[in-house]
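What follows is a set of structures to go through.
Look at the two complexes coming up: chain A is in both, with chain B in one and chain C in the other.
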Partner chain A sequence: MLKYILRRVLYTIPIAIGVSLVVFTLVHLAPGDPLSAVMGEVDQKMLVEMRKSFGYDKPLPIQYVVWLGNTLTGDMGYSLRSGAPVFPMLMSAAKNTMAIGVAAALLGFVFGIAAGMIAGYNHGTWLDKAVSSTAIAGVSMPHYWLAIILVIVFSVQLGWLPSVGAGSADSFWSWEAWRHMLLPALALAAIPGAVVARTARAAVMEILSMEFVEALRARGLSERRILLHVARNALPTVLAVMGLQFAHLLAGSILVETVFTWPGTGYLLNLAIFDRDMPVLQATLMLLALFFVFTNLVVDILQAWADPRINRA
Partner chain B sequence: MIHCLVRPLVYTISVAALVASSSALAQKRPLRVGMTLSEISTTSGQPNGGFEGYRFTGYTIYDALINWKLDDAKTASGLAPGLATEWSVDPKDHTKWIFKLRKGVKFHDGSDFNADAVIWNLDKCFKKDAPQYDARQQAQVAGRILSIKSWRKIDDYAVELTTHAPDSTFPYQVTYVLYSSPAQYEKLGRDWNKFSAQPSGTGPFRVERLAPRERLELARNPNYWDAKRVAKSERLILLPIPEATTRASALLSGQVDFIEAPPPDFIPRLKQQGFQITSNVYPHIWPYFMSFKEGSPWRDVRVRKAVNLAIDRPGIVKLLGGFAEPAVGIVDPSSPWFGKPTFGIKHDPAAARKLLAEAGYSAAKPLALKVFVSPSGSGQMLPKPMNEYIQQNLKQVGINLELVTADWEQLRNCRRAGAGAPVCQGTDGINNSSATVDPFSAFGRIYSSKAIPPAGFNYMHFSDPKVDAMVERVQTTFEEKKRDQLLGELHAYLVDNAVDVWVVHDVGPRALSSRVRGWVQAKHWFQDLAPVYVAD
Partner chain C sequence: MKSADPATLTVAYDTATGGRAELGVPVGPAVQRTYWQSVGRRVRRDSYTVICAAVLLLITAAAVFAPWLGLDDPTFSNVAKRLLPVGSPDHVLGTDELGRDMLSRLIYGGRLSLMMGVLPVAAALLIGGALGLIAGFAGGRTNMAIMRVTDVFYAFPSILLAVAIAGSLGAGLTNALLAITIVFIPPITRVTESVTTQVRTMDFVEAARASGASTYAIIRVHILGNVLGPILVYATVLVSVSILIAAGLSFIGLGASPPAAEWGLMLNTLRESIFLAPLNSVLPGFMIFVTSMCFNLISDGLRSAMDVRF
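Coming up: the complex of A and B.
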């Protein structure tokens, strides 16, 4: 197992370098000028001078090597837009995204697993139908649309919860912070909750039809104990889906974060794209790609733990 | 009897004293503003984020030697003394300007503002070997004060600024250089990034807390040098909310008190719920700049006039929910530089068809134009429906308008590179909104042949010796009234020759909670937030 983990960790190095190359190339291939974020009303002549002073006149491979070297030594440079150092900016954004990501995952996964298992266990009943229709609605509904609906209902009409930003609280452990987190987390939880519910339902249904369940029943086990066995067997499938959904939550919340002006990585990425803020754009994309690599690694390890038949060593 | 009179008198006097003292106090309730900016503009002195940056982190925290007069909604905003009490050009040498500095002004950190601070700040922006030189700040201001050549201290409260050539519009350019505290910069270890987090200027607000991308909290500067502009609100909180519907929702849910650019479809509802909606025309123009290069159909004045007459501007204003003003020139008629143009820009399709026929175009040989447009961008209003509306208008008179869409940054690059550049993708014109705040940005940098790229923003490659001569005369006329008259003549000449397609001026709608008081929307890009407060 340890050897397997070590091998997987080592694999991430070439993957990360590959990702960095793709990120750098894509960012520089996109139309627009990297200096547009810092420029005021400068004419073409001044622009050429500025390009030189910021090092954007050098050939792309050299720019890449300089950037990679700096990044490896922990220097991600300064935002062209705000002049603030990129690393702390990215960390604070990642912390905010993590906060609503974890909250949404908890909400979505707990409700998704519970609803999916109940539906699977009561296959064909009205309960199953209700859960399945809700899950289909959850999967089909664009989360940014849900976000707007939540804002209209809870902020504009009822006036219960704020619709913008993360508030001014210094810590996540305060009502002020929770009030701001609730709506984005709810909007984000809908899709993973529905996907997990559908997966759990299908897995439970499949396992319930297996012979070993009949055998357990024949041995006189209580339904509660049988359900535990079913849950244990359904876990690897549900875990794999949860892992991917969690990575999506951390990396794919651009639209929801934009609707709520939530200061996370998705919003940061959105702003960096519009501002052509290359240092921020590159660093954020790298971080998000590494999130995926890391989450996949964790899920693989967890799956191997949950299902000993998956012998990857 | 006397006793009976004295008691009410004492009572009245004490109540009056109480009222007077409380009116001198600032409102405790903070003023929370939702900006359209996606990021807090830089706070080190010269803000980025264009004029919106100047509006929120420029003139709030800082002052220029010359400020803008922003307390009047009726007349066009002019210049007002700022950190300089007076300024004049040297009568013997018109390239030298003397600025007398205001005494007793202190930066937020308590250090003195004086001639050394002026020189230090100009070095910060333009002297590349100065220790405090900041390329980022230079990038924001260099294009706005092109005339400056050198600067020197005369005494502690007087400086001399020299221009490359005589330029009477120089005082306008001076409004863009904002003065940061040298003492604070030293105290923070000569680091502009640290200075941005704890800036110090002389403005009516000082920075209390900066959370990048989230909020900027400003506190009033009770010792502001202009007693009339000491902030009425104890705190001003600026929130970047680029998404228009999110901004409106934040206002409706009471998270902010004041938003810029509410989405047009929200306005009726906001009005119905008692929110205040304000708007006012300001120096902005939404035009098509067309190529004058060899072979362009735009070189024919009949074509230019026909296109201007084919556009139904009131229709476009209606499309924008009434929040725009039809343009009849580069500047609006209330500007002192409007002059007396004889070509009346209006919707007259019959006249447009006639002019096109005279120019040799017909149904068999229609005029084809290709314009570069963007889906969004600063000052671009609602480009897609507006451009499509124009496309329909032109179709009605037999002009085929092709719209080539690229993103805002590409459009800006095309404008910088000039007509015919590869980045412009074979288009004949661009739809790039423009600020006409000062004579240079309105005329000199766009219509002078000296401003043909790479040296300026004459995207069109427009070259007319008469215009060049008029621009030069404006620059060398130092008497204000005479200069405004010359600018009027220049404007009338450009309009009469229908150099561009001028469509509408923006009116910058704002939505305010019913409790917001003291707001005066000046006819300007910049606005004064010092007198604005939220009543209890």
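Coming up: the complex of A and C.
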């Protein structure tokens, strides 16, 4: 197990470096000078001066190394637009995205697993059909559209919940904060919930057809105990999908955050793209991509822990 | 693809001769169908797949023949007729925030939205398929080089990569298409590579080589014949994802630009109208949803018809 973890961690390092290279290259691919795009019409001499102070006059490979070094030490530079340091800006955004992300994941995973297991266990019944069609609708749903529908129903028509922003509460543990989180979290929960339901259903169906289930029945175990065995065997597959869905959810929240003007990483990314704010863009992309890489690592290790057969491969 | 018609369902049989009888597998007394014929039969019997195919055909045909359907000009705005409700006499589905006919815009919108769904997948299929074939067939260092680069791009969540590329290159239709294509190359490369590597070591490929088949013939008959099924199933899922991502990019202003009719863009510009005309403002999203779901259901149907697993 330890050997597997070590190998998996070592394998992640070149991937992470590759990801950082892609992010850097992409951001620098943008046509035009980052400063002149932000500054507009300014004195040429001043522009040269500024380029020097930001380090944009150096060759790209050197800029990359400097940027990587700085980023790793938590120095992400300053926003070209507002002049504020990027790091605290990014951390506060990440906190907000994480809040709705975790809420959405909890909602989606709990309902998804329950529905998927029930459907798989009652394969072929109307219950299964209802769950399966809801799940396929959830997978095909543009979640930004669902977000708009939720706003129309719960904010515009019923007037129960706010449709914009994160509210003014100091802590997440207040009704004020929860009210603002509910709709974005619901919109984000649809896709992961549906995917997890589909996975759980397929896994349960496959395991129920295995011989050991027959053996358990022959031994006279109650259906409830059998379901426990099935759940244990479905765990590795469902776990892996859950991990990936969580990371996808955080990255995909850019669309939902745009609908709700939720001050998270997605909204920050959106602003940075249209402001051509290179340091913010770079840092946000890097954080989200590395989080995805990291989640993949954790998922693989968890999966190996839940399914010892993986170790031997 | 005539010669690649295997009369079998799994990779384990020789796809070149298609000889199930030769392998001792009993064949029905009257008819012997080729693989694709039996897949076709099963697909036609699946009512979901047939309905979805019909719906998609309808949306596509309407989009293609839109100029001849006698619709209003999708970009003609009439401020006096802003946000007419659904069911208005001259505008069956109402009008948008600039008084443009919704029905016309939804039908015309299918042109861009469908193109943005299909084109990137087709392009990625060609590029990723070629890369996967090369990697799987060459093995060794070539495989390492291609697959490690693929791994890096695969390490991005798809929406994030699309937003990052489109955002870096600048807003616009071409850049959005390019971005989505790049997003889909790694997964297609991976699937092709894994099937190719699997098939390459099968006994029948060895046998074909021993009997003097050229590399080209092996790739064309054995590898492509076996890759095609899984890739087709996968590609239909990707089209549904592509439609969601493409509309998403337009939704945040990175894809199609006004006044073009495109479902994601329409959803975005109609967002201000949710108070006055909630039904109008959700219609474009409904089109995205239905199209994407149809591709998903067709993929499910193909998957069970071909018994594909990956």
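Rule of thumb we're sticking to: the second predicted complex is superposed on the first by the 285 of 313 C-alpha atoms of A that agree within 3 Å, B and C clash if a C-alpha of one lies under 4 Å from a C-alpha of the other, contacts with A are read in each partner's own complex, and residues count from 1 in each chain.
Following the convention adopted for this analysis, a residue touches a chain if its C-beta (ideal position, glycine included) is under 8 Å from a C-beta of that chain, and two chains touch if they have at least 3 such contacts.
Note that this is a predicted model, so its numbers are computed, not measured.
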Which of chain B and chain C A:Ile148 touches, first, second, both or neither: both
Which superposed partner A:Val259 touches (first chain B, second chain C, both, neither): both
Which superposed partner A:Val156 touches (first chain B, second chain C, both, neither): both
First, second, both or neither for A:Leu188, with chain B first and chain C second: neither
Which of chain B and chain C A:Asp275 touches, first, second, both or neither: first
Touched partner set for A:Ala289, first chain B, second chain C, both or neither: second
First (chain B), second (chain C), both or neither touched by A:Met89: first
Doubly contacted residues of chain A, that is, touched by chain B and again by chain C: 31, 148, 151-152, 156, 258-259, 274
Touching residues (chain side chain A, partner chain C) in the complex: 14-15, 18-19, 21-23, 26-27, 29-31, 136-137, 139-142, 144-145, 148-149, 151-152, 156-157, 247-248, 250-252, 254-255, 258-259, 269-270, 273-274, 281, 285, 288-289, 292-293, 296
Chain A-facing residues of chain B, complex: 34, 38-40, 42, 44, 46, 48, 50, 135-136, 139-144, 192-193, 196, 211-215, 217, 239-243, 245-247, 249-250, 252-256, 406-407, 409-410, 412-413, 416-418, 441, 451, 453-457
Residues on chain C engaged by chain A in the complex (per definition of touch): 148-149, 151-153, 155-160, 163-165, 167-170, 240, 244, 247-248, 251-254, 264, 267, 271, 274-275, 278, 281-282, 285-286, 288-289, 292-293, 295-297, 300
Chain A residues within the chain B interface of the complex: 31-33, 35-48, 50, 53-54, 78, 81-85, 89, 92-93, 148, 151-152, 155-156, 159, 162-166, 168, 258-261, 263, 267-268, 271, 274-276
